[in-house]
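Down below is the structure, laid out as structure tokens.
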């Protein structure tokens, strides 16, 4: 029997992958000839936004009286260019008719995002302060900005959440997954999160799409704010969009690896200990602790 | 006392690192003058395979009637070139005599991998459907492909598992660790996993080398399918290759942060709740839940 | 009402981000005109150190009688150049007066780090042996070096810990966070860790700043060695630098997802099972296991 | 008097260069917001065309049964994309109204250029043969293609001349100047040149816009085929487009550093010696030689 | 006899090239540990200056109301940074004592160059007009800026000449040689050239160090304005710095391949024909033509 | 009539360029599946050699006690790797049977070239001295090395000539054409050139394949040392390899734009003036000058 080699295998494999239909799964979400959203480009957008918001800590723009204005101007212009392209690509996933209309919408959305940048810095600086105040190991605000995955994950969340408010499909999820990959912290951009939010260590945290989180909340690594179960429709498919994740009121702390499931409310000032498994409301001010194991 | 500087320190440090023997640990696994496997190159291979399997979602190949065939052809040829080099480098870790023989084997293995690509797409599309069906937050198949770490981790697993079947040493483990680093999901390429497999969030999941997982199984973040303990030989070293990880039959669901250890069988349709710690068989259809903690 | 476009929005946004004061949070940690530490450059440093310590497994320097010495020499010189710059940038976060003095200190510190490289290899090879011995799935030392996130995380830790000993501010934390992002393993560079240390899988591990870990210790994924609570000063701010994390003596094993909090001592040869939650001392030789859940 | 530094000089210089009007010279040829033609992009186009026409000799496409088709397909698609953009940018220099119309024209022109590629190869191979036959130092056709500046200069000329026929403004001149810079051979794209054309050495050759050159013509380095003088209009400006350069009929040879000026005709089979200065017709078959100098 | 291989040859060759003295020729011009001027960096400087002076025609800065100011600001800042480094490196070739003093001088010189940029644009636009007016083949000012080697060569000359005036050693010569390589036009930066200067085709032109050229002068390809011979000192070495090249007064035209040698004066409005060889003064208004050759 | 677009034109054009035979011209010089020589790679080789020979003036290797040895070692190793590949590719143009034999020959040739590097530096430094001594405008040896195209052209010539001696086909010609493109100086690598050779300005110089040039010779721009005519064989093809270019004995000077054709001998100490046209022997010590033209 003759041995196969690449010369004989290549054309047939190319045919099998291109000549046949791509299948409904792939076909549904591609407008002919229009590019798809790109995780790599969005990673560049995120890096640019970080360098605009925290000049010197990210990117090449640092506090330098001579060129800060020029660098910032150019970086914002790049954010606008790349993001309007990406939003346009993401609109392929929405029911928006007309390439021209999609392009116009995408530009208007990107303008709205650009206007949000000073507010984004203002809010992230509050998160930096909360992180510094909450960790005895933190030596300076600068260390928090440079090193803490919390700031990267929360930063991406606040960008992505804004894009959800603006109405951009798909792009927000890619941005939140970029932070998930980078930090192990998985915050759905649909969640609502207040000011002075902080996370310690963070790996394994999951914050579901319909979570509502107040101000001055702190989460430790491995915390899940998830859904208990979800109703299915007559065809057995999950019904999308129903509130199904926890509400955490102001000043709540949840220690490491605890799991809170379902549309429960953790009241103001409550403290949830480590490794707790919770599916019920917790009254304000309550301290929930695990019984000793040994 | 005189201060040291780099000029005085550099040559001695170079000598200490190169003139002495590299030690048995390093020396055992290097054939003189042959390159070692490279994580960076294998990351390029993975990205190319993703762009072949999901054109438009990854890489620069998108659904475009004009060039899809050319791009696919070239990308497959690149996969073949890079992968046959990497497999060849990996064969240094096996007892294969002769550089020429290793090169020939590596090429044949890479051809076999190329032939697998259409099947890889077929199977991954089933995983995409399973992921979409299982998450109320998912808005489209496209979102699942673009964003969900599950698809990246399962994709790398299916590539790496195929390479294990083909007989390539080391390379499969590097590919699975690339996904581990990217997603926090650690699937050993030796595990056997059925169709319509899905993972939600995923960070912290560990699936051991001898796991057997059926069809339509779903895992949440933080789930460990691990070994309980392992027998050691007379010298006290662990005996390698013994079945020591769980079997999950069809339709099993394991919720977040649960740990299943040892060669136990979780029967068909069983549901394991969150934060469970399990070292025993579970009968088909059973629901295992944690007792309330408060 | 007229529609906004980027031309009208850009100048105002640039002004909002640059013309106003950057605020105390950003301003405190920037010396005018001096660059800040860069995560990207430090990632290059880490990659260079890996290629020096494990030639062939990382970077372009492999065991090749012709050029190993030249590559190693050049790579060390690059480490020195990049690291002395980065340490200098990090000294902005310390109270060191005078640009010239900072530059001199930074160079001396980088020299000290370069001298440590042969010792770093010696210690990491012990960690490689420990990792190989502890995992039945490991096929060779080479596989451990190439693939295991443990080696990357422990390697970054040992670099970063040395830099703490040398007295470099901030840089060690950035290096440990690079490994955290890459592996999901979060080891504070201030921790003290003995020889033959190993980690299996590793995602979600947290090792706090004041931990003390003996020789031959092994940790599984999801283990937290954290602080219970921390005293605050009169102003309500956490008091920094107090010993507040566990001590693990020689030969301790901690299985997956267990949490040990506070300045407790886990005695020699103790084994802590999976999913345990511990806030007390454990006597030498004790086996702590979770009660069955079903 | 205080010393100037960059901080004080930069803003004023930026203002002087941007806030004032750019002047008629610059302003006339820029449509707002539309990019200008780029020499760098056109250099890429030229390199791609060379790799399509002479696979293996230029670019990464070489004669390799497996991928030649894919590489060629992709390279042509890139030529189309880049060239249609560049032609569009060049149309800013013509009086074509409407961005949409310009884009449509540019695409049609680029399609026409793509169709010309097989013909381009056919003609250049004739030039290769002529070059090989005419130089005793040439060892093979391959050497001629790889090394001879004649092939680069004639190749760019044939591309650029086609683009003139197609009606693309400016782009042809940039392409011919790329060859001029690379080879010292300056062929205006408007010239008409027959088959089996060759150039030896070539540096300093000038072939004017309205030259007509037959088949089997050969030129040596430093030859000028220029204009004698040109009529000016009433305002004293040169009248553009008048035939003012020499006609060389079939089989003419012109040796090094000779200068032929004006609309003269050098008849079939004529040979013009080195360092000749000519402003008159030369009858077919004539040998024009310089008188001895010593 | 045994065959040599690279392993045996490499160390001895490295020693031969590094262990021995570098010789007086190399040694004289290197300050220990200080970088040398770099042609590549200066090529970047030239490209940046072109993009500042002719936005849209070179580089990425084009006439775009949104970002022109930012791009220009950043490009000028880059010119300043790179050029001050290069001038500093060039000062190694002058007798300037003290690294600190050299650095200070270099910065002051770079500031002076930055201030010259608006004047540079003003003068080059005059050269553009002269070039357009003098060539019937030129279709627009834009074509002249985009394509004509004259503008590149004259642009580099005007930059380099300014740097001579500022007092920077060596750097001006490198900049003029960059244009020489790019265009075949060799203008010594020490030459003095008036306004509305133009060159047609240009390959082979040589303009010597002590030339003085008036306004509205035009040169064709191959023209040499050289030195006849030069006096030597007692040791037989050429005496440097003596005026030894031609003076061309206003409105002079020199046609292709003519050679003018020595400190002669070509009077106002004189026209020198092609292929002329001249070593004497020419009265104003004279037309010098070659006798017919046939 | 329907308009063509790229989708309809692309496949047919690809077919026309790939499915048909490539023709004898292209086909003769390609071994299946083996790469062709690459001008880009050889340009890298040239740059590396320049950085080895003139450390600090080219490349990143400068006189720096710490790393010069490492950089030089690595640069030589790169030269060896790249050059042995290129020589191997070039051997496709020779009648050498067997891929393995070609590879072995290529490596041995590259070793020989590496051994030549110290001698190359020694000879080029003589050319630098000759250039400095011959130009009153030269301010230092360093300026000559940094700026003078003569050194680049002569350097490439000496590399290429050595490769001819070693027996490498084609590669020498590509290297000499790289210098021709960069400097306008066209020296055939087959020419024999003595020590202390120099060129002033250089654009347009042509030195033919069978030239023999003594020591201390100097040429100015535009000089041609060419063939008068060449005998053809019975088929009308030029007979290759016959001595047909001039011999210049020691101390000869040829001024700008002069042409010397045929196997003539220019005797020791002769001086040939500018714009001379010569086809006869010149006795030693003779001064050949052009008659005045006016």
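Letters A, B, C, D, E and F name the chains as they come in the text, with residue numbers starting at 1 for each one.
Just so it is clear, a contact is a pair of C-beta atoms (placed from the backbone, for glycine too) under 8 Å apart; a residue touches a chain by one contact, two chains touch by 3 or more.
This one's a predicted model, so the numbers in the text were calculated from it and none came from an experiment.
Contact count check for B-D and E-F (C-beta pairs in contact): higher for E-F.
By the residue-number overlap criterion, the interface of chain A with chain E counts as same, with over half of its numbers used by both chains.
Most remote chain with respect to chain C, judged by CA-atom centres, is D. Averaged C-alpha coordinates give centres for chain B and chain E that are 58 Å from one another. The centroid of the Cα atoms in chain B and the matching centroid in chain F are 52 Å apart.
If you average the Cα atoms of chain A and of chain B, the two centres end up 25 Å apart. Among the residues of chain D, those in touch with two or more other chains are 6, 10, 14, 65-67, 69-70, 72-73, 77, 184, 203-204, 222, 257, 275, 290.
Checking each pair of chains for touch leaves A-B, A-C, A-D, A-E, B-C, B-D, B-F, C-E, C-F, D-E, D-F, E-F.
Note for the complex: chain C touches chain B at residues 52-58, 62-65, 68-69, 72-73, 76-77, 80, 107-108, 110-111, 114-115, 117-118, 121, 125, 128-129, 133-143, 146-149, 182-184, 201, 203-204, 220-222, 256-257, 274-275, 290, 292-294. Those residues of chain E whose C-beta lies close enough to touch chain C in the complex are 6-7, 10, 14, 65-67, 70. Of all residues in chain F, only 3-6, 9-11, 13-14, 16-19, 22-23, 25-30, 32-33, 35-37, 39, 92-93, 169-170, 173-174, 176-177, 180-181, 184, 186, 188, 190, 203-204, 206, 208-209, 222, 224, 226-227, 230, 237-242, 244, 257, 259, 261, 275-280, 288, 290-291 touch chain D in the complex they form.
Residues of chain D that touch chain B in their complex: 66-67, 69-74, 77.
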